[in-house]
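Before anything else, here is the set of structures, which you'll find just below.
Heads up, the next two complexes both have chain A, just with different partners, chain B and then chain C.
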Partner chain A sequence: MAAVLVAIGRFGEYFMAYLDGTSAPDVGTIRDTYVAQVQKRRLYSGLALLVFVLLMVSGFNVADDRNAGGFWDGLHQVGDYPAEVLSEAWERRASLPGLMWKYFPSLIETINIAAVSTIIGAMIGLLLSLLSTRGLAKWPRLIPVFRRCSDIMRAIPEIVIALVLIFVLGGGPVPAMIAIAIHTAGALGKMFSEVAENADLKPIEGLTSTGATWAQRMTLAVLPQIAPNYVSYTLLRFEINIRASAILGFVGAGGLGYELRNSMAWGPGRFGEAAAIFILLFGTIVFFDQLSSRFRNRLTEGQGQ
Partner chain B sequence: MLTIENLTKRFGENIAVDAANIHVDKPAMIGIIGRSGAGKSTLLRMVNRLNDATEGSIVFEGEDVTHVRGAARRHWQSRCAMIFQQFNLVPRMDVVSNVLHGTLNRRSTLATMFNLYPTSDIHKAIDILDRLGIAEQAPKRAEALSGGQQQRVAIARGLMQDPAIILADEPIASLDPMNAQVVMQSLRDIHEEDGRTVIANLHTLDTARRYCDRVIGMRDGRIVFDGTPEQLTTGVARDIYGAGADFSEAATSTEIETLDKPTTPANAYV
Partner chain C sequence: MTTVDISAVKSSAETLIQRKRLMAFGLPAIVLAYFTYIFFAFDIAGLAQRADLDKAITLASDSWSHKVHVTRTNRTGEMTYAFEGERKGEYPEGERPAWVSGTDIIEIDLGDGHIVRLLSENRTEIVVPNFGTITAQAEGRIVTTNLGDDIPDWINASDRRVTVTTDGGRVTMTGTKTEVFNYFAGWELFWFTLESPYYGVGIGKILFGPQIDADRSNIAGAVSDWWNNPMWRHKDIAWAIGETILMAFLGTMGAAMIALPLAFLAAKRFSPFMVIRAATRRLFDFVRGVDALIWTVVLSRAFGPGPLTGALAILVTDTGTFGKIFSEALENVDSKQIEGVASTGAKPLQRYRFGVIPQVVPVLLAQILYFLESNTRSATIIGAITGGGIGLMLTQAIQTQKDWEEVGYYIVLIIVMVMFIDWFSGWLRGRLIGKKG
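This part shows the complex of A and B:
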C-alpha cells in the first residue's frame, strides 16, 4: 500500500516536472528512485534467502528424524569404513595385482554391458530424435508422442528397470544391458534432437526435390551435418554407462559391481578385493574419459580432415 | 610518478613490446599512436598487470608493481583503471551496478556477491554518471545502451575506482565520430578537473593531436617517437605508420570536419 502511495507521489513529481517543462528528472530524483529500487530488490532477495534457509533447515530435520541412525551420532563415524578398507588393503598390497587380474574378466563384462547398451541406445535415440524434431519428423503430428516416449525412458531410473527385468529374466548382464539401453535412448534422443533442430534444412529440400524417401533424406542430408555432435554425445554417454553398469552389478546384474558388492558385504577379510576392484573401476573410467575427450575434441574442432 | 623501464613482452618468437621506456613525472594526458599490432595494447595491458612483462619494470610512486602478486596486484589494478575498446561491461546488469564494480577491490567479496553496496557508493555512482551526462540511464541494463553510452559507463566504472591513472585501450575505435568526440572530451575533462593521468591508445592522429599533451608513437613494438603534438610532423607520422609519401592525416581521421576539409597538399602535409 505504502509502495503504491510512493509510486503515485513519484508520478506526481514527474508530472509536475513535465508541466514545468523540465522533462528530464534531476540527479536527486534519479538517486532516490534507484535507491528505492535497490531496497525493493534487496527485500525480495532477503525473502528468497529466508525461504531457502527455512526449506534447508526443515528438510534436514525431516531427513534426520526419519533416518535410522541419526545424522549427528553417525557423522564422526563416516571415515571409519574407508579407513578400515584402506588399512587392510595396504596390508595386503602385495596381493593387489593378482586380485586385479582375477577381476579383469568382470571388468570386461562391465565394459561390454556399457558398450552394447550405448550402441543400441544411440540407435534408438537417433530414430526418436529424428521423429521428434520439428521440420524433420516423418509424422509431425506425432512429435509430442515421440517426445513423451523419450521423456518416459529418461524418467525411469535404470536401477528400477533392471530390478524388474532381473525379476522376470533372472540375474545376469542382459537385464542390465536392456535397462541402460532404455535410459540411453531417452537421454540421447533428447540431446540429439536439440542438435538436429539446428541442422540446415536446405540440403533436405534439395534431396526432396529429387524424390528421395524420408529415410534417404535423413541419412544423406541430415546425418552428415550432425554426425560429429552425435558421436561426441554418444562417447560421453558411453562413459556414463560404464559407471551405470558397475552400479547395476550391485542389484545382481553381473560385472564388476556384483563382485564389489560381494567383497564389501562379506566384511573384513575381503577388503583387499574391494580395493582392487575400486582401483580397476577408477582406472577404467579415467582411461575412457581421456580417450573419449581426446576423440571428441578432434571431432568437434577438426571437422575437416 | 610513473616510470616504465625497458619493458619487454615476448610471445614465443614474437616481440610485442621491445624495451619500452616511458617516464611520466606529473599528471598528463598521453596518447599512444601506431598501427594495429604495434604493441600499444600489450603495453597498456602490462601496466594494468593483465599481462605479465617478460623483462623490465613498472614503478609507480616509488613502488615496483611489475611483479606484485595476489592482493597487492589487485590493489594496484584498482589504482589504474582500464577502459577497453569493446567496453567490457556486464551486459545483463544495470548501469549503476556496472559502475559499482569499480569498488570491488575495496569491498568484501561476500557483500558484493549479493550486490550489497553502501548507499553512499550508489549516490556517488549516480553522481559520476551525471557528470558524464548519462544519469537518466542509471536503472537500465548496460546492453540496452548505445555504444557511446556504454563507453561512458565504462569510464564511470573507472572513475569509481578513484584511480591515479586511467588506461584507455582504443576507447573510441568502435564508436561513431559524434560519440568518439563525447568520450574523448570526457577523458580530457577527467584529466583537467581531477588531475588524473590518462594514457590512451588511439588509432587516429588527429584525435591524439587534439586531446593529448604528449604523444608516443610505436612501431613494431618499439617506441619511435615521444614528444608534444607540435613536434609530431607529417614526416614523423609517416615513420610511425610506416607509410609512403601518399600518407595524409585525413586518411586516418575519424573527425567529422575532416570530411569537409579540402584535401589539397598544402593542407594535408602539415
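This part shows the complex of A and C:
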C-alpha cells in the first residue's frame, strides 16, 4: 500500500515537472539508480548470508565442544539405541500387546492432561482475546494490561510452572495440566485476538442498540463470526499439547512420559516396555494429528486459507 | 408471483434453531461432564491433602528474600556467620553482621524486640515480646527448656530439637549446635560476595571513587567480580542461556535448510513422481510423529548430554514440520511468475531461483522466525532432559529445594529470554518481509 502511494507521489512530481516545462529524468538515470540499488541489495544479502553462515558454523562448534559426546563420534551410533530397542522388542513381540495394554491408562492420562488444559486454556484465551481487542474490549483502557498478561503467560515455558507446582502439589497430572493451561491461554489469547480483530462490528452495533450487555454482545455477535477459526486454532493447540504433556511427564508430571523415563532407567532387558511406550506415543500423536487436521480443513473450508 | 411456502421455511428454521439450541446447551454439558470425570480421574479432591502449603509459603518468601545463619557449634563454641548457611557466603574471619554484638555473651538482634542471647555453657536465651523469655540448655544430645507443657504452635519442641519461629527469624537448637536465621528482603550478594573488595560499596564510589583494589581498575574489577560471583554464578547462567538460544537457533535453521530441498520433492508441482512425493511426505509425518521427546531420548544415547543433542532433537522434529509447511507453500505458488521467467529462456534452476523462491520466501521466513521463538521454549524443556542450558540449571535448583531465590532468578531470566527472542524475531520479520497488514 505504502509503495503504491509513493509511486503515485512520484508520478505526481513528474507530472508537475512536465507541466512546469522541465523534463522528467531520462531513462539512463533511472537505469543507473536501479543498477546501484540492485548492487547495494546484493551486497547486503551477501553480508547477511555471510553472517548467517558464520553464526551457524561457530554455533555448531560451540555446541559440539560443550556436548559430552562429539557430533562426528556419535553420528554412526545414532541407529544403535533404536536398533537395540527394536530388536529386543521384536524378540518379545508376543508380549508387546500386553505391555501396551498395561500402559494404556498412562496414555489416557497424557491425553486427558492435554485435553483439559486445552479446554481451560481456550476458555481463558477467549476471554483474554476479547478483552484485549480494540472495538470489543469491555474496558478499552485496560487493553495493554491484558495484552501483556497474555504475552507473559505465553512466554513462560510449561516446564517452569510444572516443576514449581510439582514441588508444591506433589507429582501427578495436575501440575502439568495447570502449566500447559497457562501457556495455552497465553498462546491462544494472542492468536484469537488476531482473528477477533477482523470481526465485523456491525452485529455488535445492532445488539448494542437493543441494550444488550457486553457478555450478550460477545456471545451473540462476535462468537458466531470467529468460532470456526477459534476451534481450528484450539485443535492445533491440542496437537501441540499432547506432545507437551508427554514431555512434562518425563520431568515427573505423570502420564506416558513418566513411564517412559522409568522404563528407560531400567535399561536393557526391559526395552520391551520402552518400545511399547514409543509405539503408543507415536500412534497417538499421528492419530490426533490426522484427526485434527481433517477437522480443521473442514472448519476453514472456503475461507481462502 | 408465487407465494413462499411459509410453513416449510418455518419448519426448516425451527429445526435449525433446535439444532443450535442443542449445541448451545449440549456443548457446555459435555464439557461439564468431562470435567467431572477429570475431577475424579485426577483425584482433585485428594489434592488438598497432597499439597504442601508450607512448601508454597517457603517458596514464595524465599524467592525474594534471603537469610543469614548465625551458628554456634556447641562442642567448640565456635561461631560462624554465613549467608544462606553456605560456605561461599561466609563472613571472613573476624567479621560479623552489625546486628550481632558482644564477645562472651553474643547478642543477636532479630528486630522488633526479638533478641537471642547465646550464653556460656551452651545456654540460649530468646526474648520474645508479649510472650517472655525462653531459655534452653543443651547438654550432650538433649535440649531442655523452661517451657512448660503449654507450648504455642510457633514453637516446636522435643528432647532433641527445639525450633522457635518468630516474626523476626527462626532459632533452632539441637545438642550439637544452635542456629539463628535472620530474614531480610532482597537478593543478597547478588552483585558481589563477601570476599570481593567491592562488597557494600556504592555504585557511585565504584565508578568515580578512589581505586579500591590496587591491582585492578574499579570498573574492570567490579565487573569481573560480579561476573565470577560464586554464589549467583552469573557467568554460568549467561552461558546456559546462550546454550539454550543456541539450541533453538541451530535446530530451527538447520531444520529449515534440510527441509527446503526436501519440500520440493514433496510438492506436487515440482515432483512428478508419485512414489518420491509419497515417500518424502511419509518421512515428514514420521519424524514429526516420533516427537521431540523420543528424539531427545534416542539422540542423547548417541551424542551424550549437552546442547548439541538438544539442537539435533529440535532439528529432526522441525524438519518434519517445516517440510510439511514448506511443501504446502510451494503447492500454492502462482505459476504465472514461473511462466514469465521461463519465457525469457531461463533454465529450470533459474526458474526456481527467480520464479519460485521470491514467492515463497516471505512465508518461509515468517514460519522460521515464529518457530525460533517457540523453539526457545522447547529448548528450555529439552535442556532439562538432555542436560544443557538454563533448563538444566532450573531443574537442579528446584531439586535441591533450598535455593529458591535462584529459582526465582532463573524463572525471571527465562521469561525475559523468551520475550526477547519473541521481540527479536518479530523485529527481524518486520525488517525482512515488511510489517503485517
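The criterion applied here is as follows: the second predicted complex is superposed on the first by the 261 of 305 C-alpha atoms of A that agree within 3 Å, B and C clash if a C-alpha of one lies under 4 Å from a C-alpha of the other, contacts with A are read in each partner's own complex, and residues count from 1 in each chain.
Quick note on the criterion: a contact is a pair of C-beta atoms (placed from the backbone, for glycine too) under 8 Å apart; a residue touches a chain by one contact, two chains touch by 3 or more.
No experiment lies behind these values; they were computed from the predicted model shown.
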After lining up the shared chain so the two structures overlap, which partner does A:S45 touch, if you call chain B first and chain C second: first, second, both or neither?
first
Which partner chains sit in contact with A:A114 here, chain B, chain C, both or neither? Use first/second/both/neither.
neither
Counting only touches as set out at the top, which of chain B and chain C does A:I178 meet: first, second, both, neither?
neither
Check whether chain B or chain C contacts more residues of chain A in the superposed model.
C
Is A:D64 contacted by the first partner chain B, the second partner chain C, both or neither?
second
Would you sort A:I156 into first (chain B), second (chain C), both or neither based on which partner it touches?
second
Give one of first, second, both or neither to describe whether A:L126 is in contact with chain B, with chain C, with both, or with none.
neither
According to the stated criteria, A:I30 is in contact with first (chain B), second (chain C), both, or neither; which is it?
first
Chain C-contacting residues of chain A that also contact chain B:
none
Using the touch rule from the top, collect the residues of chain A that touch chain C in their complex.
52, 55-56, 59-60, 62-64, 66-71, 74-75, 77-78, 80-82, 109, 112, 115-116, 119, 151-152, 154-160, 163-164, 167-170, 172-174, 177, 243, 246-248, 250-251, 257, 260, 264, 278, 281-282, 285-286, 289
Would you mind writing out the residues of chain C in touch with chain A in their complex?
31, 34-35, 38, 41-44, 47, 50-52, 55-56, 59, 243, 246-247, 249-250, 253-254, 285, 288-294, 297-299, 301-309, 311, 377-378, 380-382, 384-385, 387-388, 391, 394-395, 398, 401, 407, 411, 414-415, 418-419, 422
Chain B-facing residues of chain A, complex:
24-25, 27, 30-31, 33-35, 37-38, 41-42, 45
Applying the document's contact rule, which stretches of chain B touch chain A when the two form their complex?
96, 114-116, 119, 122-123, 126-127, 130, 135-136, 138-139
